[in-house]
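Input: a single structure, listed below in structure tokens.
Lettered A, B and C in written order, each chain numbered from 1.
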Amino acid sequence: MNNAWVPVANRITDIIKETDVEYTFTLESSIRPDHGQFVEVSIPGIGEAPISVSGTGDGWIQLTIRAVGHLTCAISTCKVGEQLFIRGPYGVAFPSALYENATLVVAAGGCAVAPVRTLIRSRLADKKLAANTRLLFGFKNPESVLYKDEIDEWSKLVQTIVTIDKEACSWNGRTGLITSHVADVDIPDLSQTHVVIVGPPVMMKYTSAQFFSRGIKQEQIWLSFERRMACGLGKCGHCKIDNSYVCVDGPVFRYDKALHLID
Amino acid sequence: MIRDINRKKTVKNAWRITKNRALTCLRIRVPGGHLEARHLELMKKVAEIYGNGTVHLTTRQGFEIPGIPFEKMAEINNLITDYIAFTGQHLSTEVISSREGYPAAGTRNISACIGNRVCPFANFDTTKMALEIEKTVYPNDFHVKIAVTGCPNDCIKAHMQDIGVIGQALPEYETQSCIGCEACVKNCRKKVTGALSMVDFKVERDPRRCIGCGECVLVCPTQAWTRNPQKFFRLVVMGRTGKKNPRLAAPFAEWVTAKVVLGIMENLYPYIQQYIDKSLVKEHVGYIVDRTGYQVFRDWLLRGITLNPEARIAPTMQWSGYMYGYDTDAWDTKSTIPGSL
Amino acid sequence: MKKLLQKDEFDALLSTSSGVQFLGPVRLKGRGRFSDTDLIKYGQIKSFTDIVWDSKTYLSAKELILPITETLLDFTGTTVVQPPVEDAILVLFLRACDIHAIERLDAIFLNNGPSPDPYYKQKRDRFKLVLMECAVPFDSCFCVAMGTNTVSNFGAAVRCIEDGILIDIRDEWFTSQIAGSGTDTEFELQFPQQNGADVHVPHIKEMQEQLFTHEMWDEYSKRCIACGRCNTSCPTCSCFSVHDISYGHDSNSKIARRQRVWDGCHLDGFTDMAGGAAFRIECGSRMRFKTFHKIYDYRKRYGVNMCVGCGRCDDVCPEYISFANCINKVNDLVNESRSTPDE
């Protein structure tokens, strides 16, 4: 029988140090995850964890990993040529087809830029879609800005607002919480707009509130949830909220559904 | 009234000398401290008909029925025969049929905590064990105090006895059944000796630190820990109160079986017989050990006993305790303690 | 087909059936939580007298199909090895509620998510279920309220009588196994119609979101000690965690085992995420989460209540928290809100 638990060993071909604690790994891989999906990554003997796919291509995927615990710290010490074990992809992706005929605003806080990067890349690769895309990123400080160079490239193509929480001498861009910049996002037609908001629970809550005050409806907002996971397969129960499994029915949820997910 | 009473014989018969020359007080044994309630009627009857209508509960879990005229002793001895026969079923038919009351009082009532008839922590039926011990050591005139307690919490204060019997559970661990919740590890660390630790999501037990309390079995949500059905005991010996040198009993044996416990109890008496100072009215066994030294005591107590493989016996012994008669001249007084009125 | 099997006829069947393991409630003498008590749990049945009829098991038959610790994979350095596949048929003796409980697990392990769980399925496919008739329900059962008192998907059903069993055979496998043994007889299987625990389950349509935050849960924050016994003893709790164990002294060594181990939503750490985020810190909210899984959201997803009313959680809680009463409390709140007119 096909055993979904069996991972595939994938070689690391490139490592980019994004910040002090975040690294982007490029791996050889034949899977083609959709935007917002995640994989289960492991090092045998250390552990397994869900990680969003932050880049895909022909024969490769990218993962941006923040070293915070047992496994993620171990991964951060891996070198090119070593292998990570991968299974997946899992979860419900952002409904990008639905966004095609609309303005898409992507608001991401901190390392949550990772799960939306492929979505942004694919939008910006298409001239027509790029024109209808707006980006809003919030980081803690200049040192924690992810994908710096790529964001610079994006900002040449579309409205890209980048803010850091507090003023810092090495920063001459916007400051303040992401919520305080929602008003500046250029939204031509409210009814023809979708908003993707990813980040910590409070960030998603208050950023959504700002978009509501601009007239965006619950049905137009898409969130990505992060919960403890031990399988990604809808079995272990860790990620269940109400009758939804974040690993199977999420991590992407439309706001009006997410609203009723009470932990 | 002429009152010519053989004091020694009377005391041996479990009657007390009291401060009132006309009155005595009956001591009733309750081995293991647990009794069928119907027997309370007898206590009530003796107290109300012969005594002053009150009953005292002793620290050793017996009854003392005070205010009884000496001349009623024979009548009451006859009356309590059925009770003695019931609680001392091992006593000889001679003792029982004589209807002359208790045959000895030196070796005291074997007291016990409530044990596993009620207490979830207890590792065995303490009353049943107390009865077994009673069978082994009573009747005997040597002054020996024994108590039995269900677990190392020692609710009966076995540490204040000549021999204290403490129940031990040998915890056994089923690795596959453990969910790694750490409840046992945290509990053992907080409440007991910290014998458990987590290694690779499973538990390891350090047998040198484990005191056999059985707490891990109690808290485990999957019963990965269970008790080895064999009952084990720790013996602590030569604890005492008294006017000379009060002290807590110290561990003598660990992980011994009931059979070994009873054998050791039995061996205690020939040892006392051999070494007791006959010039004294009574010599407390602890002081005999102080004189002979631990090694002699140990040799006598283990004589002829086959130890079970798990058993451990203390090689030497250090008792805590102190001697009365220390100098209190330098102690603080009312005037030297700040703030005292 | 209905038969009477004498004890020795039954034992003969156990010993002659090759490639079949018989599993059911057995007694482990002196292995209970308290001294001089027995542990009743699922285990191998070697003779008629091994089967325990008069007590409920502490852990359910779940541990046979979802082992407490189960190896998922072995990493040998170069390959990923799956544990060997076994083929013995597993004849399992269990009660009506516990048969329903296995179906509750099926929903998760066979039907939820992208694919069936291979480890679960591998065992599930080998199970043949034998219903043990409940002549008299146990003290804490509430199967009638949960609709699990009756059951029909079993291969055979047995009633214990003085010198053997009466067996009601419902499928071909059992027919062929038993052909030739015992004597034909007649009896009608009985299902309990009433329980000692009177439980009223509210309908999910009437369970409003206010119940999630109702103050009734606060009391449980003060009472529940997060010991997890209600989860481990529950035949339908299916949660687990996954751990890796390294067998190399060298930290880069890939010789390792990946295993899953039961977990539960009442236990500390169940929702912990790296970096310190966690949900349901208060035990009251864990009680709510469990309760709603058992009688609300599982039903929203799969159409039946998850709880099968076996009463084990009530039997094992060291704090004497009654889940049955908790359901009734929720039901009372639902009734109250129904009878209070809108202001």
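Note that a residue touches a chain if its C-beta (ideal position, glycine included) is under 8 Å from a C-beta of that chain, and two chains touch if they have at least 3 such contacts.
All of these numbers come straight from a predicted model, not from anything done at the bench.
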item	value
Arrangement of touching chains [line / ring / star / complete / other]	line
Chain occupying the middle, per Cα centroid	C
Rounded Å distance between subunit A and subunit C, as computed from the means of their C-alpha atoms	38
Rounded Å distance, subunit A centre to subunit B centre (Cα mean)	69
Distance from subunit C to subunit B - Cα centre to Cα centre, in angstrom	45
Multi-partner residues of subunit C (at least 2 other chains)	243, 245, 263
Residues of subunit A touching at least two other chains	none
Of subunit B, residues touching subunit C in the complex	116, 120, 122-125, 167, 169, 175-181, 183, 200-201, 214, 217-219, 221-224, 226-227, 229, 231
Subunit B-touching residues of subunit C, taken from the complex the two chains share	28-36, 39, 41, 58-59, 63, 67-69, 227-229, 231-233, 243, 245, 261-264, 267
Footprint of subunit C on subunit A - complex, ascending	1-7, 9, 42-49, 68-69, 72, 85, 90, 200, 226-228, 230-231, 233-238, 240, 242-243, 245, 247-248, 260, 262-263
Complex interface listing, subunit C residues touching subunit A	72-73, 75, 80, 82, 108-109, 112-119, 121-122, 209, 212-213, 238-248, 251, 253-256, 258, 260, 263, 265, 270-275, 277, 279-280, 285, 289, 292-293, 297-298, 300-301
